[in-house]
Amino acid sequence: MADYNTMELMIVTGARELKSGASVAVGTGAPCAAAMLAQKTHAPDLLIIFEAGGIDPQLPEMPISVGDSRTIWKACQATSMTDTMEMFCRGMVDYTFLGGAQIDMYGNLNSTRIGPDHQKPKVRFPGSGGANDFGSFCWNMMVITPQDSKRFAEKNDYITTPGYLEGGDSRDKSGLAKGSGPYRVITNMAVMDFEPKSKRMRIKSVNPGYSEKDVRDNCGFELLAHKKIGETHHPSKKELDVLRGEVDPYRYVIGR
Amino acid sequence: MADYNTMELMIVTGARELKSGASVAVGTGAPCAAAMLAQKTHAPDLLIIFEAGGIDPQLPEMPISVGDSRTIWKACQATSMTDTMEMFCRGMVDYTFLGGAQIDMYGNLNSTRIGPDHQKPKVRFPGSGGANDFGSFCWNMMVITPQDSKRFAEKNDYITTPGYLEGGDSRDKSGLAKGSGPYRVITNMAVMDFEPKSKRMRIKSVNPGYSEKDVRDNCGFELLAHKKIGETHHPSKKELDVLRGEVDPYRYVIGR
Amino acid sequence: MDVIDQGVGRLFTDPDADNARAHFKTKSRALTNKLMSLKDAVAKFVHDGEYLAIGGFGANRTPIAACHEIVRQKKKNMAFAGHTSTHDFQVLAAGKVFDKLDIAYIVGLEARGLSPNARKYMQTGEVEVCEWTNYCLSARLKAAAMGVSFVPIRNVMGTDTFKFSGAIIIECPFTGQKYAAMPALWPDISVIHVHEADMYGNCRIRDITVSDLDLAKASKHLIITCERLIPNEEIRREPVLTDIPFFCVDAVCEVPYGAYPGVMAYEYFSDEEHIMEWMTVEKDPEAFKEFLDKNIYNVESHFDYIRLHGGMEKMLALRDKELMTTANSNKG
Amino acid sequence: MDVIDQGVGRLFTDPDADNARAHFKTKSRALTNKLMSLKDAVAKFVHDGEYLAIGGFGANRTPIAACHEIVRQKKKNMAFAGHTSTHDFQVLAAGKVFDKLDIAYIVGLEARGLSPNARKYMQTGEVEVCEWTNYCLSARLKAAAMGVSFVPIRNVMGTDTFKFSGAIIIECPFTGQKYAAMPALWPDISVIHVHEADMYGNCRIRDITVSDLDLAKASKHLIITCERLIPNEEIRREPVLTDIPFFCVDAVCEVPYGAYPGVMAYEYFSDEEHIMEWMTVEKDPEAFKEFLDKNIYNVESHFDYIRLHGGMEKMLALRDKELMTTANSNKG
């Protein structure tokens, strides 16, 4: 078993969820690394989409922006953001990865602000960008994020991107696309999914080196759990070799 | 004064309405000939648009279809029908010419059917195509048509394309774009416009060789008239030379 | 939502956006070889009773070879999008392929006149019709491409075109202005003819695109016929030129001269003599039956059809006409 | 129309389609020479208090030269479309050009981190905000391009992004499904950077077009900056390549390297060192003031700015980086 860091584990865990023949919309950083890793290992036919318009590029390196010229490098199409967003809406995008300053038990994400006053926030973040769109339309939305009890919040200061809203059937009733929603939350400590009826976050597997108690202690709300909590699989040597050698040789992401 | 036929007069009369720096959406036949003539005489900066996507072509000859390859010959843009229709909607198209099997006193046009049963018509015509769109969105819709009392109908069997609907402010109230509507009706006998308040068709000028009585006898509804009805101007030698020599040398349209 | 007024026309397809998403969830995103013969593509993807749409504009970049194949395979009871369909309509009406029809423009061939047979078919009462305009049908495809069940546009209001449509008049929630809501149109199967495609279905169109970019996205299944296959490397060399991406496409058929006797921009002009032959022979039902046997039912492929009408010599002459040159005509 | 729910955000522009049409009625359709200096174009078309939008995507094909000129001419109190705006936002925030803001993505520079100064400006309370998403703003421009006052889309429902937006929840008249109605956005003035344009404003973009094709149509006034002027004959040689037609455009400015220090696809990569310099110097308000004097207020033009950061040698190195070659770097 190879030695690896937490970021590498999260990227590998995310990559494994991506199936060949499926499509994934990615941002910069860990999401892009996970998609590239999947494509170079078990999912050669994974379709990678950049929201700004890059379709199926042969990425020569990690892009700095989801709209930079690397995202159309030897691509099948360089189109518009309007066009890719329409592809999301039509139900042609299977997976995405998001992050946020806060996440609640239903997978709702905050990337807009901390503090109660919207016009004069204590801390202003970038806002939705495409995140709300991704979370609204992708069949399976995943989150890759470090875990602590402030970030995993009892109540978000602001819901930028929909998870399962207030749980149960509230997402379906809201008007958002049926059958879409959060799928996995991948942290430095564990992998979570969502209980099908209540739509509450639950522990699926705990990462090597952490305990269920660690996971619960670093979460601001009560986590459900699978009957049998597994251990998150280690990255394989091949996965680490590809990730370090081909996906992120300059350690932009895995060196963080 | 040169000798000319009725079709030549109607084309020249239509052409004279088109101002340089304005835009016109045209179909095949007389409308296209009028636009080409205007561009080659007094309106060099007339922007010609074909609904299927051809923008500002340097037409080498009359197109057979509003989507054929002549409509993009040395054009500024070959775009989509969706795109040109959006241009209509935004209010970027000043003029158009239409025709129809029937026209009523408010300039409403029928190009769909004769007979009362819609599912089994006595005579089926092509339908709207882009005509309803042109009539809905162009600032000034013109009609070039031969005149008789069946075609100039008391009541159309069917309204394919909106004129002023039931007259008065009914068009504005319908939801159609404010300030748009029928502008001129150019026939073999006369030129009509519309009385500003009632929106009823009225005689503006009578063509050489016809009388006001001819015009009224060949109209199925009561025409209003300008206080002083003029005589439609003859085509100039230059207009006829350009029309015959450059616009329609094979007499596809003017030979009818 | 308040419905101000509603047309009496029946919708031939389901405008529900979630039902459409459920289909698109199952559509492959893999870069796989989709090459097949046109015969196989039509047999596999065009089914009796389904909703059919045809790309291009009447007799311009229209997949006429595919229309012939659909008639030859005797597909029936289809619903059809008559979206400025001219010669394609004439061919499909000859085979009585459809009996439900969304109409923008039918039975005519623009400056060429009207098709006697298509008109006759439309006057039998056998075809259930719903009226629209060119922009209505474009907008219905745009709504489908956008993954929504409707878009608001500003035409048809106050006319019989609205009354016999399936549109609904609503009010803008911001301004109170009236709009005609156009229901999304997701065709079951469409065919689009393009200049170049790779074996995965990435397509380039060197022409006006009419409504085809939205049609490609809206269609549940899509057959591409192309003038020329090109390698995927050529697509990737210049990705801004890709008009239709591979994941919209189910079958790729290389059919040179696939728009004949219509126009293909920069490739060949229309064969006006042969189109006039269609218009003329249609006036005599018996002669037209023979004509259809000779030109469609008893030929194997589009190449046979072209051979009947002058073969490659004719194709080169039509290229001359398209390019306004005399290069080929002078060859001797 | 029944309003199911409504966001609290204020609309900074009028969504009325007839009012927009009244403007577009007056816009010239003539093929006239629109060449002018960027300085003159900004002076003529960018006015205090109006609504500004910027093309491209953050630091990709973004008209940074124009953003500098707008700051240099001290335009104020504008409303701005923060539509994945990154380095452009950073520049405009440095000049406090706007005090009303439609937000999709602001203050960040994607993988590069956050702009300390832009963030600080947004935390003062001086800027009135209205929240949207990337697709919301694209859809608002699409509605404007379509000449309608709204389009329905299916995002934001159930979130605070909706609550602090200016959207309205409605129901589909066909299916009863809920939709978020997006009000049309007609910017008073926009700037788009393109690869090639002719003197009339016909433009080619060899890159993703982001929302720029709709932005060009939606904008009441439009300034084009281009890498290269090309003759109108070249535009007419291949009309399928025209992305923006001349009648959308009010001014054409030839500004080579006009997206520097951002990326221009196939031309030059971003100058990451210089962008990092921005991010770093912003932390110290005094130093940032000097930096702005040096780089914007006290320079005459974009060429002067480029000279300050390595001139043509740097441009060639950035072309090498963009093309992943070493052709220029090895020259000497």
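As written, the chains take the letters A, B, C and D, and residue 1 is the first residue of each chain.
Here is the rule we use: a contact is a pair of C-beta atoms (placed from the backbone, for glycine too) under 8 Å apart; a residue touches a chain by one contact, two chains touch by 3 or more.
As the structure is a computational prediction, the values presented were derived from the model and not from experiment.
*Asks:* Looking at C-alpha means, what's the farthest chain from chain D?
*Replies:* Farthest by centroid: B.
*Asks:* Considering B-C alongside B-D, which chain pair is linked by more C-beta pairs in contact?
*Replies:* Result of the comparison of B-D and B-C: B-C.
*Asks:* Nearest whole angstrom, what separates the Cα centre of chain B from the Cα centre of chain D?
*Replies:* 40
*Asks:* From the mean C-alpha coordinate of chain C to that of chain D, what's the distance rounded to whole Å?
*Replies:* 37
*Asks:* Between chain A and chain D, what is the separation of their C-alpha centroids in Å?
*Replies:* 28
*Asks:* Could you list which residues of chain D touch at least two other chains?
*Replies:* In chain D, the residues touching two or more other chains are 17-18, 146-148, 153-154, 177, 179, 207, 240.
*Asks:* Out of chain A, which residues touch more than one other chain, so two or more?
*Replies:* 72, 78-79, 88-89, 137, 177
*Asks:* Make each chain a node and each touching pair an edge, then name the shape: line, ring, star, complete, other.
*Replies:* Shape of the chain contacts: other, as it matches none of the listed patterns.
*Asks:* What chain pairs are in touch here?
*Replies:* A-C, A-D, B-C, B-D, C-D
*Asks:* Could you pull out which chain C residues touch chain A in their complex?
*Replies:* Residue list for chain C touching chain A: 17-18, 20-25, 27-32, 144-148, 200, 202, 217, 232, 235-237, 239-240, 242, 245-247.
*Asks:* Mind pulling up the chain D residues that touch chain C in the complex?
*Replies:* Answer in residue numbers: 1-3, 11, 15-18, 146-154, 168, 170-175, 177, 179, 181, 183, 205-207, 240.
*Asks:* Going by the contact rule at the top, pick out the chain C residues touching chain B in the complex.
*Replies:* Residue list for chain C touching chain B: 56-61, 82, 84, 86, 103-108, 110-112, 114, 119, 122-125, 127-129, 131-136, 138-139, 142, 153-161, 164, 169, 177-180, 207-214, 263-266, 269-270, 272, 322, 324.
*Asks:* State the interface residues of chain A toward chain C in the complex, per the touch definition above.
*Replies:* 20-23, 45, 47, 55-58, 72, 74-79, 86-92, 94, 137, 139, 177-179
*Asks:* Report the residues of chain A in contact with chain D in the complex, numbered from low to high.
*Replies:* Answer in residue numbers: 27-29, 51-54, 60, 62-69, 71-72, 78-82, 85, 88-89, 108, 112, 117-133, 136-137, 158-162, 165, 170-171, 174-177, 252.
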